[in-house]
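Please find the structures below.
Same chain, two partners: chain A is paired with chain B first, then with chain C.
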Partner chain A sequence: MKSARMTPFRQALGAIVLKDLRTELRTMRSLPAMVLFAVTTFVIFRFGLDRTALSGSLASGVIWTTLLFAAVLGINRIFLPEREEGGFDAFRLAPVDRPVLFVAKAAVLFLYLVVLEVVVVPVFAVFFLQEWSGLVPLVVILLATNLGFAALGTLISSMAVNSRARDLLVPLLLLPLVVPLMIAATGATSHLLDAGGPSYDKFGTWLLVLGLYDGIFCLVGYAVFEFLLED
Partner chain B sequence: MSGRGLKQLSILTALVLLAGYLLVFFWVPMDALEGFRQKVFYLHVPLAIVALCGFVAGGVEGFRHLRTDDRRHDANSYVFIHISVVFGVATLITGMLWAKASWGHYWVWDEPTLVSFLIVFLLYCTYYPFRYAIEDRDRQARYASVFAITAGAFVPLNFMAVRMAQSLIHPRVFATSEGGLPGSMMFTFLVCLVGMALLWVTLVKLELLGKQTSGQVSKLRRALEAEGYGNDEPTGTVGRRIAPNLEAQ
Partner chain C sequence: MSQSENAIRLRDLGRDYGERPALDGVGLELPAGSSLAVLGPNGSGKSTLLRVLASLLRPSRGEVSVLGCSLPREAWKLRGQIGYLGHEPLLYEDLTGRENLEFQARLYGLPAAEARQRIESDLELLGMGRRADYRVSDYSAGMKQRIAICRAVLHRPALLLLDEPDSNLDPEGREAARALIGRPDELRWESEADRPVTRVAVSHDPEKARAEADQVLELTIGGAPVARRAVA
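Here is the complex of A and B:
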């Protein structure tokens, strides 16, 4: 039931996003861990693959695997304050639409991923890449994939947070669901990071796949989220 | 309730399946290229199609559960997914045997249908631990429905994405398998498909009936305990703990 006293969507959204960003700035719960994890993973790949320079599909595989697992770390924690400190109850009491929380958390996750990539992708380039010109178009792929991660991650995290095996369930449920995203993202990235400079082979097609996937799971998440909040 | 007609349905299923596989072995012509081993096609493909349709139907039932808040839809959704996972195992095994026989390897990553099916199967395998991890029954039912909807939407998208990944690298002629089939093979295939779908429905009904019965048994047991008879712990199975509860109906 909407009443005249409902807090407007945008105002509620802004309040939750700012709250989360402020908490993150003060506690540094997620982002430093994600960045550190990603950089360490690069080091492990350097020895695991025994390569000092990467290009093409190998480079794209390394960067996306690393980003995915770093994202899982963040996704695991995105609803933690809500659960541990009674944020869910407070939210249920507040006169706002339920899906606001989904959009807000997805936005926060998106921002986390952007910050993560702003730090980690240049580090990756310094460590492994000889040809940097593919990084500019890569931004588009990164943003499109982040949107999918944010929507699915928020949905999965809110499903897992109220279960007993939270830390276990997030990767378990999320990884199969993001396989198509990874297919499209790595497919586009491997051509962008080719040793001889970026090629835009199938770039548009992959972007279309990413867009379609993002769109559908944003809608699904938005539609089903309120059922996860009922108690 | 769901027990009614189960016997007739079982007989019908057995007859259609028997007819289908009699056609497969004695009537339909041998495949010119593959010979006898091509006959696994009539087992493998119907299994896969029925499993995928069952997954999507589980999503639809999940949606209906969220809309109506009727626990029967959650039970349907659970059983649909459960039986489809079983069919999925059979699909993967028959597929791998066929792949070994025709391509020489148990697993071929270039085959988009194979890979998509594996991804979908892996996703639905997580349905069990997920359900099991939520203790509150109402919440479990609601969350499972959300999972079923999300995963149901995922099935077609995943097939599209994987097919694109492969077909762009290895251009192939998009002749659908049905399109290229001669009439007799097509007919046999359809009989097998119908038989397999009937088998799925029979198993679903059987499973639902089992759930209902065990729900009634534990209800009666509790009534007995309330009157002071019997104090032995009911011997529970894992299945009972994650399976949706049908006592209310």
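Here is the complex of A and C:
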């Protein structure tokens, strides 16, 4: 028997990404919460540390701790419409390769993180930085780390979404696995935010670590996603 | 697949949830282009049977062949050939009815012009043309069911799997829906797969089901073997 014609990967990817972005623009369920969380955390750090300027590893720790936990809010919700409104079943019936959903959700999460950072990194700079020139190379680190967050977050979220304890499961599974990514991101960022201006000590090494991490979790997610959607 | 071949063939099908059998010993041969009604009390496994046939659930034992594909091994071949209408409408609440259908059309790779034409004509058939631009979250249960019917047949499937398709529909809606999900000879569309449309519908109305279907499958609670009889 001839199988049904499969929808081209890019067409299905575009359909899912557009659907998710349209829904987010309409409901604002994820991004405002992520931004509000990040800005509030910066305010708490500002008064908790009682310092008007941060640099080096402390600045790096503050920004990445905040971005990590803000990202968890988005990761928790990324598959919620699919679970609550039957999107998983609809997708499983469609003539679409299963990994399309993984790539689409990771792309949406990546975009959420970019928007989050476009808003909150300037806030961080205003609150804590006296030297802003490190922000330009920081963009590369942010994008590389976002890719790792997006791949791993999508994978973990798809595993946890069917559990009633998903709000607990996502951080429980995600945080230990994200440690290498955070070590590389903070390691690369700390020299960029030095008080005297950015230095590029070990920048290439950390970037390589980020690239390896991204590659591993993009491949793992792509490879195992089909099995995660099975009954 | 010719008309004389079986669209569905089940041999000793069983499906368990944990240790509890939801289906057991189900056997059936349903020719392509015919209609099957599935009857039985609540909890007898009717919805489970439909989900197994749709390849949304794996059978625990037995042989399942749907449109010539052996399940679960060849489930990927079935994608895009089944029109499934379950208890849940499978609609995104924050999109409008029309946006849901457009999303479905893109996911099934329908050409844009053809998709637009089908969406408009199906919506009109079900009396949803003017209300298709409301968000699904604002719809009544009956309106959701009408959009869900459009969604289930938008890609013109070869096999319709319908779980209580009349639920939430008013008499006018039930009548209108026959053109999209009625008996195969009532349908105002043809399968894209160049084969006759086969229909399986779960019902709680034995008289209506027997009148409409070529075969009836009666399930019993507890996964006991089923009684099946053909209707003249």
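Assume the second predicted complex is superposed on the first by the 227 of 231 C-alpha atoms of A that agree within 3 Å, B and C clash if a C-alpha of one lies under 4 Å from a C-alpha of the other, contacts with A are read in each partner's own complex, and residues count from 1 in each chain.
The rule is short, and it goes like this: contacts are C-beta pairs under 8 Å (C-beta built on N, C-alpha and C of every residue); 3 or more make two chains touch, one makes a residue touch a chain.
Because the structure is predicted, anything quoted here is derived from the model rather than measured.
Participant: Quick one: is A:197 in contact with chain B, with chain C, with both, or with neither? Answer first, second, both or neither.
Facilitator: A:197: touches no partner chain.
Participant: Looking at A:163 after the superposition, I want to know if it touches chain B, chain C, both of them or none. Which is it: first, second, both, neither?
Facilitator: first
Participant: Go through the superposed model and pick first if A:220 touches only chain B, second if only chain C, both, or neither.
Facilitator: A:220 contacts chain B only, not chain C.
Participant: Please work out whether A:230 is in contact with chain B alone, chain C alone, both, or neither, and reply first, second, both or neither.
Facilitator: Both partners.
Participant: After overlaying the two complexes on chain A, where does the chain B footprint on chain A coincide with the chain C footprint?
Facilitator: 230-231
Participant: Please name which positions on chain A make contact with chain C in the complex.
Facilitator: Residues 1, 3-8, 11-12, 14-16, 19, 22-23, 26-27, 81, 85-87, 89-96, 230-231.
Participant: Note which residues of chain B are touching chain A in the complex, please.
Facilitator: Touch list, chain B to chain A: 66, 119-120, 122-123, 126, 129-130, 133-135, 139, 142-143, 145-147, 149-151, 153-154, 157-158, 160-162, 164-165, 168.
Participant: Provide the residue numbers of chain C that touch chain A in the complex, in ascending order.
Facilitator: Touching chain A from chain C are residues 1, 54-58, 67-69, 76-82, 84, 86, 88-95, 99, 103-104, 106-109, 151, 193.
Participant: Using the touch definition from the top, list the residues of chain A that touch chain B in their complex.
Facilitator: 155, 159-160, 162-165, 168-169, 172-173, 176-177, 179-180, 183-184, 187, 202, 205, 209, 212-213, 216-217, 220, 224, 227-228, 230-231
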